[in-house]
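To start, the structure itself, in structure tokens.
Each chain carries a letter (A, B, C and D) given by its place in the written order, and its residues are counted from 1.
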Amino acid sequence: MGDTSTEMMTGPRGPKKRRVMSSNNIIIYGTLALVCLYYLLPLYVMIVTSLKGMPEIRLGNIFSPPVEVTFEPWVKAWSEACTGINCEGLSRGFSNSVKILIPSVFVSIAVASVSGYALVNWRFKGSETFFTILIFGAFIPYQVMIYPIVIILRETGGFIGDVTGTDFRLMGSIWGLVIVHTIFGMPILTLLFRNYFTSVPDELFKAARVDGAGFWGIYFKIMLPMSLPIFVVAMILQVTGIWNDFLFGVIYTKPETYPMTVQLNNIVNSVQGVKEYNVNMAATLLTGLVPLTIYFVSGRLFVRGIAAGAVKG
Amino acid sequence: MSSTDAGQLDTAMKRPPRLLKNLAAKFAAVPMVLIALVIFVGCTIWTIYHSFTRSRLLPAPEKWVGLENYERLWSESRWLISIENLAIYGFFSLILSLSIGFILAALLDRKIRFENTIRTIILYPFALSFVVTGLAWQWILNPQLGLQNVVRNWGWETFTFDPLNNAEIVIYGILIAGIWQGSGFVMVLLLAGMRGIDEDIWKASRVEGIPAWKTYIFIVMPMMRPVFVTAIVIIASGIIKVYDLVVAQTSGGPGIASEVPAKYVIEKMFFSQNLGLGFAASTMMLLSVLIVLIPWAYLEFGGKKNG
Amino acid sequence: MTDQKFSVSVKNLDLRFGSLRVLKDLNLDIHEGEFLVLLGSSGCGKSTLLNCIAGLLDITDGQIFIKGKNVTWAEPSERGIGMVFQSYALYPQMTVEGNMSFGLKNARLPKAEIKERVDRAAEVLQIEPLMKRKPAALSGGQRQRVAIGRALVRDVDVFLFDEPLSNLDAKLRADLRVELKQLHQRIKNTMIYVTHDQVEAMTLADRIAIMKDGLIQQLATPEEIYNRPSNLYVADFIGSPAMNLFKGEIANNTFSLDGLSLSLDGYDFAAPFTGTAWLGIRPEHVAIGENAAAADVQMDVTAEVVDPLGSDTLVLAHVAGERFWLRISGQADTKQGDQIRIGFSARDVSLFDAATEARL
Amino acid sequence: MKKFGLLTATTAICAAGAVSAADLEVTHWWTSGGEAAAVSEFAKAFNEQTDHNWVDGAIAGSGGTARPIIISRILGGDPMHATQLNHGRQAEELVEAGLMLDLTDIAEAEGWADVVNPVRLLDACTLDGRVYCVPVNIHSPQWLWLSHDAFEKAGLDVPSDWFEFVDAAPALKDAGVVPLAMGQQSWQTNLAFGAIMVAVGGTELYVDVLTNKNADAAASDEMTKVFEAFAAARLLSEGSNVQDWNQATNLVITGKAGGQIHGDWAQGEFQVANQVAGEDYTCLPGLGVNEIIATGGDAFYFPKTDDPEITAAQKELASLMISKEVQVAFNLKKGSLPIRGDVDLSAANDCMKKGLAILAAGNVLPDGVNAFSADTDGQINDLMVEFWNDTSISVEDAQARYVGIIASAD
């Protein structure tokens, strides 16, 4: 009896003490620190290298910070590096990339979201089959489709041109490129939107129908405002994908509308004597700036959007 | 005539044919149907057909040669090496992406500090193109300039780490970069899935005294099946298509040690100007995808049709 | 045509999902201003039927009339219905006002009229202070009021309720139930109400349709259903605790089971019957103590479990080897192990053919 | 698009022959230092001497990146107006499909057949008697480039042929110099193989195997010697971890490598680095063993358009490219030989003059590229790069596979 009462007096009382340096925490934060190192290393190397001069690169250690910081490589990558006979650097392609990016992102997301919505809420015979085919399409290497798509674009563009009596062509115009980005964005985006719309309660859709809203009414007034998180996810994925695209940008456009990645490829792949690693790294970072900024700024939304939508099979 | 009759007649006349019902919905699905049928099915058939022809620089549907391209394909050591590399890369990429992604997600799920920062750090490589990834890692793994050189300068003279220049392990060098780029997205997917799991599961496992790692592996993981499916689709589609990364890092070298099927296809089509052979190789790739995908698609979507 | 006097008529309705037949040749006529409850356990097809009436599901065969008009192929919004859902189904990004006026805007009503109707509904439901809020800022009860308001403003003849109170806690559910009843008494529209809760069904309904396996088992007033269940399923389904049932033989107008023998003189047979049958007696129809003296059969049972509910107390005992629930006054001081004198009469029991399970 | 339509209409009204400016889009993959300098000579001449405009469509990354783009654009009915392609069999199909502009009229008017030397280059542009491309330069792959610095470091004289080079290799290694620089791209290994074949196997064998596709010759003992020499050479390149040819060249320029087997276009890189032939580096055609060179080269094709304005401009560009001044300016920068024998190349350096002398003497080989399809070339490339990098493959195996490819070559 005496023991018990002593224990009652001296035993644990009040809030449990938390040890900041518990072995568990050391393991968790230790692991995460190592992981972060692995993920940051290449970025660090790229940044450090892009700020060094060539002699320093040749002698030095790639991990050491620059002894003499120079922004020359950045200037060169942006406005001086040559592609063939044009020596305007990446700047030449930047506005083209933006011009390609905006309609492509917009159209591809619009088509995929409407398709996902139709797949979930307006099923028709065989709709799941079409969806399965789309998913299958995610596995086809893009390059295999280049020629057939060229032919399809040529014929469709020509047909539209004939019908409308104009010079309209899809090949070599930005619209051909928009279509191509829409096609190749379809599988993953439709999967995302379909999964997201599945998680929207069916009753909401029914209520809207009773309220007299039709296909587009429900899409624009009910679904769209509810789906911001998943639109953010889709937007991030598409901005990244389309901005980084080289192949389609170069095949389905013309030199005057070549995106930035074409210049990047030219800078990185054409060696003027010695590989100018610093310029390459600066060019790479400059090209990656847009998607990187988007990730750093809206990364939180991205994760929230995925949590909201992509988790259901 | 009673109003009921009128009503009946009214609707009877308006009876919408099945095909015209929900016209807007059908109209909206046209792009999807077109893309699925014309592009993915149509182009696949086009590709398969041309794999039986002697198409060189241009598609030549009239030059039928039967299985010739396939015989040639399977006799080429480069194709066999490509397949082997894809199998190694695919296996490890899938396993490592999923397990690294899962472990990182579990660590971040432990309500740690700086979660946002760490998550951003792990995710940012996904924003970069493969060309960039390949280039950065090519450089870090370059024996004269990169890691090996640095470690040797520290005094460990015999340290050797040159995966990109050693034909035996070059594919693992590519794997390092591939994982670096892709595991962040997997981590985010899985983290999202983890957060979607009922908190009560955690309460239950705490009450029962199950260690956290066991809860993750035996309880949480099976509950996340749909997320894993999504993640696997995304990883696997990336694996099949791996091309840019190899080109940027090694161009298939040393020798032909790091060749992959997508690269084989592209180079046969555009370098060797042998479209037929390239199409045969891509048909083989499609076939292997189908073999994996069809049973899965059937299980995943086939059963839910009535839902 | 006889359809006209009915507010809603369902004729020979069939619904199949693939090979699965969910609704089977179903017929249902609902009177003007009637409050009809579709009651059944989950999976019986009650919500499905409601969705068919609403036009949210395409039917396989049959016809649906609303106000005498054939609406079988009409869009949901063209049918003159309002609908309230279990999960409220409020549009999350719209304010309460926006939610309530959405349907009217789709119908392109003049602004003034929309405002007038919304205000009126808000007044009726006492949600005026909430009009500018978003659904996320509302409690469950408030949300459901808004959902009802959204149906009200449509100014339609028929309201459809799909388990509207199931997501609410017990107290709110009881409150809102009363409000719904008052609402119906005030506006006198036809209401079709789906629920699995028999208390809701009994208290709200003018008539109840009990469904099972896509068929209506019985369509009658709550009293009728309670007192004269048309078959064994209904008898067992309605009442809590359920009716006590015994399987025995009927011969010479007497039901007998080992040790138990009841003369059926007071029972209102549809037709004379001899053979195996179920006898059912509700716990609350069992006479206790002194009252038992007047009953047709009497016996003593031992209280095995005593469940005091406050207002009354449930006692579990065994009769003829079967579990037997009886309801006694909450004031009675009965303990486990006590002997209780019970009795019941033929006029209080229900009898069902053991083969067809239909009421005798 | 609309602009072009309007232009056409205007032209039609203003009567034929009226000159108006057109933008000509020219695709090529000449993006390295010397190459870019050379191609800008074309652009400069075109912009200055005509009213038209050169729109540069450079795509780095050699033919593999550029070719799908070129073909897609042509197939898609939206072609560029001129494009680089290696002449010979690569473009055959495009010509056969009627997608390329027929240049026969200007070729005849300007007498290309008389000025192009060797005339075989024009033959490669000719199909069924019609001319479809403009050869712009002569490239010969069989050169050995040697760094004076490297041999100085090892205390050796600069070798005068391949065999001396092989003998000097151990000393170079001891001096910390990689004897032989070799880029990883497969065509570079194949090029080296061809060069060794000329040096070790001799002209006859080269022609027999590569031009006549004689599988027996490919299986002969002489060929085994070639393979053995090649197998020995692969040991000399250990430690040259570079991808691109000009990175390899750069190793020679900086004295980090003793030599490189590469085509005469390497010359452009030495020039950009301000190196002087004979002082800083030495070039040995035919690896110094067999002073003979193969004559391949680049050519420009002009995809057909239905716009007469463009067609006229295309022909102007074609005749400009083959004109004397432009040939000189271009080839001096490119480090290649001009395709006409009637130009003054006094400005040429040591190496170029060596090449010109061989050319004038008629010591030329047909180039393998002209005889094989790109497909066969690709197969040989694959074999060579695999053999070069995997020392576990024996000479016998490699030769057997080589014979198989030659036997089924097309």
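One rule holds in what follows: a residue touches a chain if its C-beta (ideal position, glycine included) is under 8 Å from a C-beta of that chain, and two chains touch if they have at least 3 such contacts.
Bear in mind the structure is a predicted one, so any value in this text is a computation, not a measurement.
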Checklist line | Fewest touching-chain hops separating chain B from chain D | finding: 1
Margin query: Can you tell me which chain pair comes out on top for contact count?
Written below: A-B
Notebook entry, point to check: For chain D, which other chain has the most distant CA centre?
Noted result: C
Check: Any idea how many Å lie between the Cα centroids of chain A and chain B?
Finding: 15
Notebook entry, point to check: Taking each chain's centre as its mean C-alpha position, how far apart are chain C and chain D in Å?
Noted result: 89
Check: With chain centres defined as C-alpha means, what is the inter-centre distance between chain B and chain C in Å?
Finding: 53
Next item on the list: For chain A and chain D, let me know how many angstrom lie between their CA-based centres, rounded off.
Entry: 39
Next item on the list: Specify, in ascending order, the residues of chain C that touch 2 or more different other chains.
Entry: none
Check: Touching two or more other chains, which residues of chain B qualify?
Finding: 266, 269-270, 305
Margin query: Please output the residue numbers of chain A that touch at least 2 other chains, ranges allowed.
Written below: 143, 147, 265, 268
Check: In the complex of these two chains, what residues of chain B are touching chain A?
Finding: 22, 24-26, 28-29, 31-33, 35-44, 46-47, 59, 104, 107-108, 110, 112, 116, 118-133, 135-137, 139-140, 145-146, 149-150, 153, 180, 184, 188-189, 191-193, 195-196, 224-227, 229-230, 233-234, 236-237, 240-241, 243, 262, 265-266, 269-270, 275, 278-279, 282, 285-286, 289-290, 293, 297, 300-302, 304-305
Check: Contact residues on chain C for chain A in the complex?
Finding: 51, 54-56, 75-78, 81-83, 85-87, 89-93, 102-103, 106-107, 147, 150, 154, 162
Note to self: Taking the touch rule as given, give the residues of chain D at its contact with chain A in the complex, in rising order.
What the structure shows: 1-2, 4-5, 25, 27-28, 30-33, 36, 39-40, 43, 54-61, 65, 68-69, 71-73, 75-78, 80, 244, 246-247, 250, 253, 269, 272-273
Next item on the list: State the interface residues of chain A toward chain D in the complex, per the touch definition above.
Entry: 82-86, 143, 146-147, 150-151, 153-154, 158, 167-169, 171-173, 250-252, 254-256, 262, 265-275
Note to self: Under the definition above, what is the set of chain A residues touching chain C in their complex?
What the structure shows: 201, 203-204, 206-213, 217, 221-222, 225-226
